[in-house]
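Next come the structures, one after another.
In what follows, subunit A forms one complex with subunit B and a second complex with subunit C.
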Partner chain A sequence: MSDFPCELSGNVLVVTLVGRLDTNTSPQLEKLLAEKLEADPVKGLVIDFEPTEYISSAGLRVLLMAAKKMKSGGGKLILCAMSEHVQEVFDIAGFTPVFNIEADRALAISAGRA
Partner chain B sequence: MFAYTLKPELDKMVGLVNRFHDFCRAGNVPETVERHIKLALDELVSNAIFYGKPDPDSLIRVSARVTGQTLSLEIIDSGAPFDPFSRQDPDTTLSIAERDIGGLGIHLVKKLMDHTSYQRVDNQNVVRLSINLTKDTDSNYE
Partner chain C sequence: MAAAAPQPDIAIRNLNALLEVATQMGKVIDLDELLELIVTKTTAVMDAERSSLFCYDPQTHELWSKIAEGLGSGEIRFPAEQGIAGETLATRKIINIPNAYQDSRFNASFDEATGFRTRSVLSAPLITGEGDVAGVVQVLNKTSGEPFSADDEKLLMALGTQAAVALQRAQLFQVQLEQQKTHEALRLAADIQMNMLPRDDEPFLARKNLEVASYLRPAKEVGGDFFDYFLVDDDHLALVIADVSDKGIPAALFMAITKTLIKSVARTGLKPDQILRQVNDDLLQQNEAGMFVTIFLAIVDLNSGEVAYANAGHGHPYQVTTSGEVIKFEAVGGVALGVTDMIDFDAGVALLAPGSFLVAYTDGVNEAMDADDAEYGYERLEALLHKKMADSASLVRAITDDVETFVKQAPQSDDLTVLVYRHR
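This part shows the complex of A and B:
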């Protein structure tokens, strides 16, 4: 039900979240990010929510860790293309002001390069 | 009427969510409500498994029904007494560095649902939720 295709755009890694980010799928995303960032410490990490059905606290936890990891390495995490539902969850969690969020993928990639 | 039983194992929740999706499609439950409830199911069933540690041979029972404009959901497990709603809400104003994720899932459930309750009945945890099917997605939280 979930898939996380990755694409490298210059020094920015773009990971798309297809389907659900919940208790069962979040550990897969966590592992994927750890492997990718270990192999190639990119300057920017973009997470594209365009095809994301929903994100539970298990997914929010992985994003929080990714943000801390990118920040400690001098890079940044940028989230983009959130649906209203995902945006609502971020608002309630109080995550909206602490993350870099862009309207779409192109804007997020340019922000990741900057 | 939706009724589903699962063993207290995290990977069994995939089947629960898939079957709940079928129920929502058959009953024309609005997609936003469906997503809210799938999120709530993920938080509450994983909590029940994690904190209540039910007997591996026991079953968690999930049921849902639509009455008028309200969708009600019930989750029953035979784990140790555990009231998910008794925890203090997390501080959602801290910075990334200070942020701890504990309690965030239940905070989301309380804000996304219109009503939540917990009871200990016959040595079982009974969690009930309800949500208005016509709710304006912007009006339920501050």
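This part shows the complex of A and C:
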């Protein structure tokens, strides 16, 4: 099962990905992000991968869309706390240099504020 | 004025009329036909001049009507709070208006538009078996010229209940019909997609210096994986394996575009890294949905066994030699196509000795999962590749069988594709 708890830290929205981000759960995240960013266009969006078990290409697509959306609004998307396994998926797809990736949540939030 | 007790003959007439209408409504499943039947029968049974039927749309909170008798065809829609119909819907009670023009709730615009003169109005909710309000039925002007009576109220309420049930049934049927249509469209799309894959009886496959085998099984009806093989010229074979983010119709369309672009660009004689760069730029021209595709592209020199390749974020293929040695294709830089523009792809080169296999696959293989969410993984795949195989087809079958044995009864979560080439 997947769950995406959200927390606002100043003008940075932190979304934690619990569980799996695959074909079945990605649409939920896509909808959640669209709603949150619509309601409150924050400056920084942080996605915390600490409790993430798995990410598929469908999940990568949602992140890519989020990055584009943040960029077009003058904000930025920062990913953080990836496990080796999740990092590997990013590496293979060649996504690592495309995204802003920080080691942990605190670093990601301060990068989002900057 | 107190309502008189119903006359026995009137009560019998009403009961007969109700039975007849209920029987007829039970036979009609087409929604438009049913709406028309309800309106005409209501007018006749109620001995009125006109009837209108308003259906409630809970999604938009509107009332809509296809047929307001005498107004011709076309649909009218208005907010569900509006007018006498709106009040009937909200209160779930019948409203009997003996003189419309003396009632502030009455909207005379329909009369003005049609030249009809409304005298009296009887407006009843259509309450379903579950107690939901499906809409409102209104009858105008008793032909006798009298206002509607208490008996008329009872009759219209009873008629409304019948109509509500029939309406609900017809709407349910329509939803099912639409689902069936969608299902058929998906199946058709899946057929078209499978037909886009190269045929296994292409004439060039009969050549003695090559051997190609492949397998693709989508997880859903319409998948995002694809593979392709085609001759670039007489001595060069292109091998393509790819995985579009996500599945379904949008992924299938993106796949079709990508496949077509690769083939046409490859035939201009460019190298794999140059082909991927150009296809990436083309794909980015119109990619609102943020789709992307990982691709491994190789062009094999059929005489020398030299493989020129490039990789757009796809899992690395393997080379399996005749002595059972398993070698990963050296990683070369590249991002999935459709992500970002103006990127370069690195060029890779490998040499296949005669008898060696090139094994390409999508993540449906290494990420195949059993019921406990354990992954098939690269180790199992590599262990299997060490075993000696007679030909490409046996190798493809060995991989897919091994994955199937591993996942057991777990549902297939991703498309699974294997493409094997053997240099002879």
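The rule we apply is simple: the second predicted complex is superposed on the first by the 114 of 114 C-alpha atoms of A that agree within 3 Å, B and C clash if a C-alpha of one lies under 4 Å from a C-alpha of the other, contacts with A are read in each partner's own complex, and residues count from 1 in each chain.
As a working rule, contacts are C-beta pairs under 8 Å (C-beta built on N, C-alpha and C of every residue); 3 or more make two chains touch, one makes a residue touch a chain.
Just so it is clear, the structure is predicted and the values come from calculations on it, not from any experiment.
Asker: Using the superposition on subunit A, tell me whether subunit B and subunit C clash or fit.
Answerer: In the superposition, subunit B runs into subunit C.
Asker: Using the touch definition from the top, say if A:71 reaches subunit B (first), subunit C (second), both or neither.
Answerer: In the superposition, A:71 contacts subunit B only.
Asker: Is A:50 touching anything from subunit B or subunit C once the two structures are fitted on A? First, second, both or neither.
Answerer: So A:50 meets neither subunit B nor subunit C here.
Asker: Which partner does A:23 reach: the first (subunit B), the second (subunit C), both, or neither?
Answerer: Both partners, subunit B and subunit C.
Asker: Hey, is it subunit B or subunit C that touches more of subunit A?
Answerer: B
Asker: Which partner does A:98 reach: the first (subunit B), the second (subunit C), both, or neither?
Answerer: both
Asker: A:88 contacts which: subunit B (first), subunit C (second), both, neither?
Answerer: Only subunit B; A:88 stays clear of subunit C.
Asker: Report for A:61: first if it touches subunit B alone, second if subunit C alone, otherwise both or neither.
Answerer: In the superposition, A:61 contacts both subunit B and subunit C.
Asker: Which listed stretch of subunit C (63-71, 171-179, 369-377 or 387-395) steric-clashes with subunit B in the superposition?
Answerer: The superposed arrangement places subunit C into subunit B at 369-377.
Asker: So subunit A touches subunit B in one structure and subunit C in the other; where do those two contact lists coincide?
Answerer: Touching subunit B and subunit C on subunit A: residues 22-23, 53, 56-58, 60-61, 64, 68, 92-95, 98.
Asker: Okay, in this complex, where on subunit A does subunit C touch?
Answerer: Of all residues in subunit A, those touching subunit C are 22-23, 26, 53, 56-58, 60-61, 64-65, 68, 92-95, 97-98.
Asker: Once bound in the complex, which stretches of subunit A touch subunit B?
Answerer: The touching residues are 1, 20, 22-24, 53-58, 60-61, 64, 67-68, 71, 84-85, 88-89, 91-95, 98-99.
Asker: Subunit A touches which residues of subunit C in the complex?
Answerer: It is residues 219, 224, 243-247, 289-292, 294, 312-315, 333-336, 339-340, 363, 367, 373, 413-414 of subunit C that touch subunit A.
Asker: With touch defined as at the start, can you tell me which subunit B residues reach subunit A in the complex?
Answerer: Residue positions touching the partner: 10-11, 13-14, 17-18, 32, 35-36, 38-39, 42-43, 46, 92-97, 99, 101, 104-105, 107-108, 111-112, 137-138, 141.
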